[in-house]
Each structure stands twice: as structure tokens, then as C-alpha cells.
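Here's the structure, in C-alpha cells; my notes come after.
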């Protein structure tokens, strides 16, 4: 029994079967990659996990509890954090503030009225935020307006925000797309380290095979809404169908 | 007492609508005030100082003090009017406030003047409440009211349209509208008319078609529009558009009545007012000496005849000044005493009484009709009848005016 | 029954006015995304185009008539219009009588010019600014326009009658088999309804059968990208604005005989037209038109005595009540598009 | 100090100094001089400045932080006023219970309206709030007249029961509002040469409450809650995927700002016990929007500046008439005088709307950040000049070395 | 090593240099932040230029400056395309002059279908590939032609963005990270397409984090670092230069 159990999930958009009978089980404290051609339904699957979409049929269990019908913030409070394909950050806030908000959220829950409290008394939160920024190599940018960062930086910030919550399950939708090679490597290292040090499970969608093969312990290949194969990285690399439909020369 | 004048001047506050729908009426009131000040200070041709029955005024200001004035904008809103009045009292040291173009504003400012301890000489305000349930010891009204409109109009209506009529009322949904409807209904029913229906219309309404459309079908043969200002212009225009006046109902010509006319606003309805009956406080075509003198002063200075609002404001200013002279003080209590029960003539409305019990003036009321062949743009109304004062008088505790308490005069700090 | 038909007719007519005003607004507000508080002022300027034309047509010279006297007892100056003096009372009189329909031709170039100047001079700097700034600047502009009109024409309403040919009303009831006078309807309002239908149809056709509408919609969603695709979006926005101003102005011209124009008539309609556009759904032309008719009809029903006796004062609030109900049941109004002014 | 950082403390001190010294600052011209027309230091207007300041500060907590543009905020002001006047009618003339009830009732009203309206965002939210406020206004004007006294506005009468206070004064008048016996309208006038300054009890009560409200607003702006509200404005999607529920946050902000409006309404009634329905009209809601944007939305001090600006024009410019213009320009030759009066005439007195409209446009075109930006630019100019000066000095000093 | 192009011949590049697209001493700002700090480079007709550098180096800013988008503001410098001065133009004029930009966040227009997004590109002259031909190149788009453009999967959006640029008759194609988020097979496809485009004489500037891929495709490379050009040479030189690769490209 994995920490995340997806059973027979179906999702249609009008005439399009975006997900058809998806079954997926992710082992606790592992890194599971989901790969597949564009439009295969990877992001859609993720959306079903975090409450952005509700599957037409099927069930999604996180740690034995169903996530279906819950709102995104409830699901996050259960311990699932998500990085989006196009960075979703608080553009009008500073980088440091961006980092503080998820920390508040995991400390105080989905709502807390702290209207008169003084930010200066929240030293612990600030410290933690700075620490994560440091981990992400972004401490020098802490006072920047988040919207005015380059896109690679925005993405790293978003990853940092999710990591700062110490989620039990971290969902990453193409986290390193558009990221410079050096930073990609740093991110890989960081994710590895975090997964080992803390009790985190990672599900990652990525088209960059370098990232996938450096991180993943298990890979599911999705094609046209259904899992094609699920296997270890080594076997996937050699899988002829996968090579043809997806990997091309990259393998 | 509040704002006792110490120097050689005395300041009056003219609080009129300068913006919003009644801005033109306010502007005319302001002209009248300026004219009155000019006359009181001894300028111009002296205007009604010459015809006024009381001879206390000498054309040297009030009690020898030159009159200065400040102006403000009521925006036809109670709040703004009170703010403006307060600034006149607190900043400019005004000792009397006058003006207004709506009953709500008049009542609100009257209440303020009462608590601040200055005299309020109401301008155009027609609701029964101003000198009825909301009357105040420091407040005085020269203008006539809804009851008087009804009392004056009803006999004329009976004479012109017969006593067997069915009336349909459209009434603006706020206090003035209600008191007018109540008054007209009572007066016409007393003469045998039947009231088919009374319908309230929203103040903000601009298009009255959906209220007018059902009228013909209701069996009514008279439509009474208890509307004023923009509401009146629109509802009348709409009613005429629907062709109501060409219809024959119950074998009678369908008729429309606008109980309170304002010449300024009637112009806005254009052709549509022709032949429509209503009442008014005063009209420039009156031929008594005082009216002629006033029209001459005003017309010479501004180039067109004054409105009823202008006349009432002019008269109020003179009455106030005269009361000060006769009382020999600016103390509101002295002035109130001088005005209470004061009988006078020569201000254009014939012999008039300022009744002590409710501070309401009693005088003749005009019944007018939209003129068929106007000779100029001001020549909109013609006087049908001058209803004598006796006919519009009522007891001060008449039920339509009950509930209020004049209280006692407040001279302020 | 006849009462209901009557109110439906009424509602349709009221609705056509609402729809027409909302149509102009939705071109600017729903399509260009500018919260235009000056829209009412455009409507008002349209109505004053009619007033102005009738003033021009009735420009007159004075002759002294010694047989009559004016209010000061002097000989009366009688005015004769130049038009009547030149073309004879017959033709001249007819032109004056037809001032309002003629004003349509007069108003189109004026309103388009006003729209162009407004957009080029002011609004174009505000597309990217927050909506709040747009409110402030257009509200300021509306006040200024109003005050200018007030300075020239005063605060009182100015009667602007329809041609004599359209006086009186049409008896629908007889047509439907009811007794006479059961359902009557003024001719001019029927004209207004037809006019609204033509304008609405024209605007729809223009936006539907040309790519113009699509380009402007795209430009609103993402100006920058549309520019990258080689399209001069500024020019199209200006044209759109001119079109919207013309629609607003024409609505005003035709409205002048229904209610005498005054300088604040625009403000009176402003809130209502925003409500109509939003209830219709942001960015949807058919939505705005549908909402205009819906609210017009419901308002008419609410003013029926039978309804008012059950819910006193319902006619005061019906529009807002319906707006609330619709917005709560349909997140984006009747036909709104996603993402337009939702943040 | 007070849990604020240095900059905020300075701001608070400056605002406190200005409000407390307002009777001096607003009356810079001798009473008899021609410029006295521009004096704004009389109780009514000073009270209005701070009361509308409170209203705008509260509005800004919602709009400036969350970006939710309420177009019906005046409803809360109106409800606050009505509650306060009813308190005066029924309970006592003490302002404290009136103000408290005003805040309570408007808070409840805000919970109700906010709960429904906050289901939508953007323009849809604005129209929902507008619709609620317009309904309140229309009903208050007509159907609810027994509670609101309709068009005239709710006012005190000689027949009010007033269980905890005197019904009428010894002289038979209606008693005045007070704070434990200190009459709100009592004014001490200080004559200083040709100047006169008025110190009004009501104003100081309002001023102190305004400072308190301002202080609380600063705390809210700087608190984690304030940050959450800004986060909502910035990206609600990210907010909910971060485990935060935006709804209670926005509702809390809505209610807080509704209570600020109620407080303002209560104070307004305490200073002048009348509650008019127009206080709830959309134009009144629009006014606070304009105040906030004009001053600078999202800034702390902006809304207060905007409120002052608009109220100043409404009350001072509307009172300038031709008579006054002539007295100003009397020293010139007649032709000149008349020409000048004719030029200025359209912008003052009944033309004050025109001036205000033009100023709105000028401010928003040239100062995108509102009046606050004007201040910042001036400050920057000074700084630049200073630094230029120092660099000049250093340039000069060089040859000397 | 800093290799700067030789501008000694004169200021007006259009007269002296044979280059097709010339950028001379360009300075760009976002508001007050000074991003591109005086860069100059030439691209010859039919050439593919790779513009490389770390996150935040200013690559996107450079492309946007050339496409004359309103932000950033170019305060100084000249841009010439085929003897036309671009620096005086606004973005739509530049586009009509032959610039085609594929923006980094794709900028698919919401509320428009896939087909409308393409039609939009063919409103202003000059018109390029026909829709049929584009659909042939990207069959995936043909399937989804009636779908709202923003609901496409990330990769599909990228295809649409490229297709949209080709729908116009362009002289220079500016690609900002075109491979991002694309499945490896699709990347191969696009790369093939780019070669086809090159054969047709279209000049291309490509910004890409996957430096190796970009360099394999490109003829020449320019490396940016904090808004300045640090290297400008042929692609093979970069591939061979060990220090450059590690310092700026981390490959």
C-alpha cells in the first residue's frame, strides 16, 4: 500500500478522454516520475490529486484518506504540495514574503486571525524562510519583487515554497523547465538530499530525461490518458515502445 | 446667543442647491437673496421695501448693521445641507440660515438650526411636515404646503371637471409625496371624487411608462401626479406621450393634474403642460402692486421674471430683517416673538399671517394652468384662480399636521 | 392578462433602452476592459446633440410686436426662426419638427469624434492601469463633461419633442382582440424599440461577421502578443471606442423625446448600465442585450400594483435583487466569459 | 515603539501631530483677510476630515490589501449612523454606546453582505456589493421610513423616550450628544491677534479615535494577516494550493473595514445627530473609492489625504461666490476685476464639481500613485537637491585641496 | 576571453555590415532596473544564432527588445533588420517588418480557440504558412483546433506558439526557449522544422537552456552574462571551449 493510491480514475473533457482508467500507487519516501508525450494527461492527473479537478470516476487515496471532493487548501493541509507547470507565485510580494506564507500555512492551518500580531515577533518563520531561501541559493534575492524575477528564478522560488512546508507528498510539474543547467543540477541534488533527509515522497513530471533518470526510482509512462508501462528507470530506458512514442533520440 | 453680531455687519447664510437637479431653482433663489440684500442695504430701487406693510425697515441694513451673506451648496441632500449650514454657523458666523428646494432638506436644516440656536427661514418646501410633525420653534415657513394645494385645487377641479370623477394617483415614494397625496385625496374625496388607486413610484425612476400604462385600464379618468422636479417633468411627459389626454373615459375627457407646479420645471415638460391644472405659491403675472414691483426689480436686474421660489426667498429675507428691526435684537427668541402672529401685506401674496402655533404663513394660493399660447419662454402658466386665504386655512392641530412639537425657541450658546 | 401583455411590451421597450445603453458600455467595459464611468456622459451628450440641433434649427431673430407687452410692460420681442424665414413656415417647420431624427445624422460624426478624442487623449494611457485608476479618471471626465453641458444648457430638463407624426399611441389591445385602450403604446417608443433592434443587430453583425471583434477580444486578453502578431491594436481600440461612443450617443438622441434631457441624465443611468453589463456577463454582447431586456421586463412586472401590494417597494429594488440572484447562481452572469475582470 | 518600526512610528507621530494641531494648521489666515475663505479649521469640517479619514482607512484595508473593490461601503456607514441615532433616541445622549452599537451593527451587516458577495471576485463582487447598498438606500428612502425617517433622515425629537438620560433639557430643547457630560459641540475659541482658532470637543474625540484606527490599520498592514491579504490580491490560486483558505481572510477584512465604516457613521451621528439615507447611496460609496484612489490605494496615509482633499473642495470651494471673488479682485481696475471674476467663476461656487473633476483627472494622469506619490516626488526632489548640493560642495572643495 | 564584434567601421550598420539583423549598443531597462547593458551582435541571413546564458542573464529581455515590445524600454542603441531601422518602430510595425517572436511563456490568447489563435496571426500582412500546412506540421493542433487555446497541455501550447509565428511571413524568427516542456520526440520534430525553416532562408535567433541541443543546431552563438555579451563566435567554438562550457553553460 503506497502513500498515494490512484484507482481507476477517469476524466473527460467534452469528447476527449483525458484520463482513462489510471491506476497508480506511489510508495512512501520514494521518487516516482510520470512521463509521457505532450497532452498525455500528466498535468490533468496532478490536477485530480490536488483538488483542481474532480475525476469523473475513480478514487484517490492519500495515506488512506480520500482527497476527492476536498478543496485545494484542505488537500494541502493533508500534506500535499504542488509546483505548477507555469510558476504560480505571489508576484506582488517580495521573495522573502513568498517564502513565509507557506510556512505560516503549515504552522497555523488554513486560517488564523493574526491581524494585530507583529511580524517582528515571527522570528521563527522569518528564520525558516531565510534558511529555505539559502538552500535554494536565493538568499541574495530575498528583497526582490517576485514578479520581476526571471522565470527560472520564479520556478526555483516556487519549489522552495513547497519544500518549506515539509510536505509528505511533493508534486512537481516540470520543475526544471527553463532552468539553467547549473541550477537544474542543484535542484536535483537538493531534491535528492531532501528526500533522504526528510520523510518526503516525490512525484515528478518532467520531460528532461537527465532529471528523470537522476531522480526517479520508479517511472510511469502515460500515453493518451492511460498508463503504458510502469517500471524501474533502467527498464524504461530500454523499453522499445517508450523509445518510439516518447524518448526519441534522447534515450 | 449664537453668533451675536458685534461689528458693523451681520451675516446671513443662503443655503441653496447649486449642484444636482435643482441647481437652476437654487440659482434663482440665490438671485432673490442677493436682490433682497441689495434692497435691505439701501441699494437698487428698494423693491418691496416700498410696498411692505411694515415700515420698520429703513434701507440701512438690519438694525444699522450692513448685511453680508455667505452661500453654500445643499446638493439637495440632508447631509450636505447640514454640513453647509454648520460651516456657515461655525465658520462664517451666520445668524440666520435660509434656503432649500426640498422638504427633506428643509426639515433637516431646520432641526440643525434649532439645536444650534439660529433662525431658519425656509425656502421652497411644500411638505406638510415642515410645519407639521417636524416643526421647530426656530423655523419659519412662508411657502404654502400640500394641504393648502389640495384645499385650493379641489374646488377648481370640481368646477372644471365635475364632481363625478375617478382619480388615479402616482406619488413619489418619500415623505413629501405622501403628504401631498394624502392632502389631495382628502380634498378631492370631500368633493365627491373617487380615488381608484394610489401608486408609489421610486424616487430614482426616470421612465414612468410602466406606471402610466395601466392607468387607462383602471377606469380612472383623472391622473394626479404627486411628483416634483425631474420626476414631474418625466411622468408628465410620459403620460402625455401615452396619449392619455386624447382619451375619453367614462364619457369624459381624460385629465391630468399636477398639484404642485414649479414654473422652472414646467418648462422642462414643454408642450406637455398645456392646459394642465396645478397650484403655486406665487406667479409673476399677478397684478397687485407688490408683485409688479418685485417683478420689475428682479426683471430689470436679471432680464427675466422671478420664479415662485425666488419670491418666497425674497419675502423670507425681508420678513426676517423686519422682525429684527421690530424686535430690536438679533436674538432668535426675540425674532421668533416678533414673527409669531405677525400680520402683514405688500409682499405679493395679499394679506398674510405668520401663525404663532406652527410658524406657517397663511395667504392666498394660486391655482394655475399650463398656458396654451405662451408669448415667451417664461410665459408657461396662467393663473386660473386666486384662492382666498380663508379657504386654505386649517387648525394647527389638524391630523395631517399632528405629532410634532414646536418646542421652545433656542438662542444657542 | 392584458395587464401582463402590457407590462411585457413595456418591459421590452424599457429593456431596449437598457440594452442599447449597455451595448455601448459593454463594448468599452466588457470588451476593452475599461471601467468607463463616463459612459453615461456619452449617452447624455448624445441626447444633447438632439437638443443642440433643435436649437440650431430654431435659431431666430427678434422683431418687436408693439401690440403685446412682455413681463416688464415693454413691447414684446417676437422670435422668428431663420429656418422658417428662409424656407417658409411649411418646410422650415417640418425640419424643426423632425429635429430629433435629423439629429441622428448630426450625432454620428460628433459622437465618433468625441469617442476618438477621449480614447486618444485620455483612455489609451489607462488600459494597463488598475481599474481603480480608470474609475477615477473617467469619473472625473464625466463630471467635467456634465458641468460643461450644464454651463451651456442649465440644470433643468429641456423638452425635445418627437416629430408630430409620432405623437399619440398605438392601440395594441384592439389588434389582439381586447377592448379599446386596454393595451396602448406610444408610437415613439415603438420607434425606439425598432431603432434599438437595428443598432443592436448592426453592431452584432459587424463584430460577428468581421474579424474585428476577435482581434479586439484578443487585444484585451493580451495586447502585447497581438502586437507581436503585427496587429496595430491601438487603432482598433480607438475605432471600438468611437463605435461605442456612437452607440451610446444614438441611444441618447433617440431617448430625448422620451424624457427631456438634462445634464445629469447620464449619471442616472450609469449604475444601472453597469449592473446590466455585469449581469449579462463580462465580455458578452448578447449577454448585455439579454440582461437589458430581462431587467427591463422584470422591472415592469415589479411595478404592477398587484405585485407591489404583495411586496411593497419591490419596484425600488427589483433590479438589484435580480442582479444578486443571477450573480450568485451564475458566477459570470448570464453569458460571461471566463477571466474577464475577475481579479 | 508601540510595536511599530521606526518608519511607521514616525508616520504615526506626524499624523498625530497634524491632527492634534489641526485647528492651527487649518486656519492659517487671519479671520478678516480675504484668504480666510480658505480656512478649514472650523469644527464641522475638521470633524468631517477625520471621520472620512476613518472611513477611507477602513476601506483601504479591504481594497488596498485584498484588491476587492467594494462599491457599497457607504451602506455600512449609513447603518452605523442609523444605529447611533437610535441609540441617542432610545438610550442616552452619551456617544460611547452609540459608537459601539454602530460598529456592532455594521459589523453584523458586513458579515451578511460579505458572506454572500465574497463568493465572487473582481467586477462581479463590486456589482454585488453595489446592489446590496443600493437596495439598502432605496428601502431606507421609502419603505423603511418608520426606521429611517426616509428622505429627511433620522433625527432626534422632543418625544424620544431616552431611558438613561433626560428627555428634554430644562429649556425644553433636545439635549445634545456628549461624552459623559462633555458636550460634543462645546468649542473653545482662542483669539490670537487677528487669528482665531477653534478647539472643539467633538473634533478631538474623533481625532483620537482616528489616530487609534490609524494605528490599528498600521498594525494590520504589517501583520501576517495583512501579508495574507496582499497574497490574496496577488495570487489566489497559489494561496489555496499553499493550504490557506482565502474566504475567511477576505471576509475578515471585509468585516473589519465594514466596522471602520460603521465607526465613521457612528461618529458622524455623534457629531451631528442626523442620519440621512443619502449616506448609503452609490455616490457615497463611490466617494470613498475616489478618496482612496486619489490619495493612493494600498498606502497607509493616502486614504486620509484623499478624504481631506475631497471634503475640502466640497466644503470650501462650494462656498466661494461671485461676491467673494469680487472682493478678492477688488484692488484691480474694474475691467480686469470683472474679467478675472468671469474666468474663475465657473470653477468655484456652483462650479466646484468641475474643479473637482478636473483635479481627479490631473491627479490620476500625472500622479499614478495618487497624492502620496506627489509627496514622494517632492521628497525625492529634496533628496536629489541635497545630494546635488553635497556633490557640488565636494566639487568645489576639490580645487581647494 | 571577450570577443567583441568589430564596429570600428561606422555607426550605421545597415550601410557597412552585411548582416541581416544587427543590434548595436543596445541598452534596455525595466522601469529603473538596467538589464541589457549595451550589447551588439549581428546575425546573417539564413543563419541560426544561439543566445545562451544563465537564468536572469537578459536573454528574454534581448529578444523582447528586438521585437520592440513596450516593456523593456530600449533607451539607447540601434536595431536594423534588412536595411530597416527597427529601433523606431513599435511591436506591430516590427512584426510587419518581418520579426516573429515566440515568447517564453507562450502567450496563447485566452478566450480564443486554437484555430482563432492562428487566424489572428494572419490578419496583418504579410501572411506566411497556410493553416493547412501548419496543421500538417503539428497534427496535434489540428485535432484540438476548436479547443480554447489555454486549456491545451503545456507542450501543445508550445507547438501553437511556434505555429503562430510561422503563420506570418517572417524574416527573422526569435525563439525563446522553444523546447521547454516538450517531449523529447517533439523536440526532435521541432528541431527538424527549424532546419526546414532555415532552408527556406529564414533567419533564427534561439534562446535555449539546453545549450548542447541549441549549439548543435546553431551556426553561431552569443553568450550573455548579466546583460553583457561575454562571448560571440561560431557554435563549434563554444562547444569546444572548456572554460566557457563550465563557467556559463554548466555542460
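Chains: A, B, C, D and E, in written order; residue numbering restarts at 1 for each.
The criterion applied here is as follows: a residue touches a chain if its C-beta (ideal position, glycine included) is under 8 Å from a C-beta of that chain, and two chains touch if they have at least 3 such contacts.
None of these values were measured; they are calculated from a predicted model.
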item: Co-neighbours of chain D and chain C - touch as defined; value: B
item: Touching both chain A and chain D (chains); value: none
item: Centroid-based (C-alpha) most distant chain relative to chain A; value: B
item: Between chain B and chain D, centroid-to-centroid distance (C-alpha), Å; value: 35
item: Intercentroid distance (Cα basis), chain B paired with chain A, Å; value: 75
item: Between chain E and chain D, distance of the C-alpha-averaged centres to the nearest whole Å; value: 52
item: Residue list for chain C, restricted to those that touch at least two other chains; value: 313, 316
item: Multi-chain contact sites of chain D, meaning residues that touch two or more partners; value: 138, 141-143, 353
item: Each pair of chains that touches, named by its two labels; value: A-D, A-E, B-C, B-D, C-D, C-E
item: Chain B - residues contacting chain C, complex; value: 20-24, 27, 173, 197, 199-202, 204, 206-207, 209-211, 213-214, 216-217, 230, 233-234, 237-238, 241-243, 246-247, 249, 264-265, 267-272, 284-285, 295-296, 299-300, 304-305, 375-376, 378-379
item: Parts of chain C lying in touch with chain E, wherever the complex brings them together; value: 211, 214-215, 217-218, 221-222, 224-233, 283, 337-340
item: Chain B-facing residues of chain D, complex; value: 39, 42-45, 48, 138, 141-143, 145, 150-153, 155-159, 168, 171-174, 176, 187, 198, 272, 274, 276, 278-279, 314-315, 318-319, 321, 323, 349-350, 352-353
item: Partner chain E, residues of chain A touching it in the complex; value: 13, 36-40, 42-43, 85-86, 148-153, 174, 177-185, 207-209, 245-251
item: Chain E residues touching chain A - in the complex, by the definition given at the top; value: 30, 33, 54-56, 60, 104-105, 140, 144, 151-156, 158-159, 177, 180-188, 209-211, 249-251
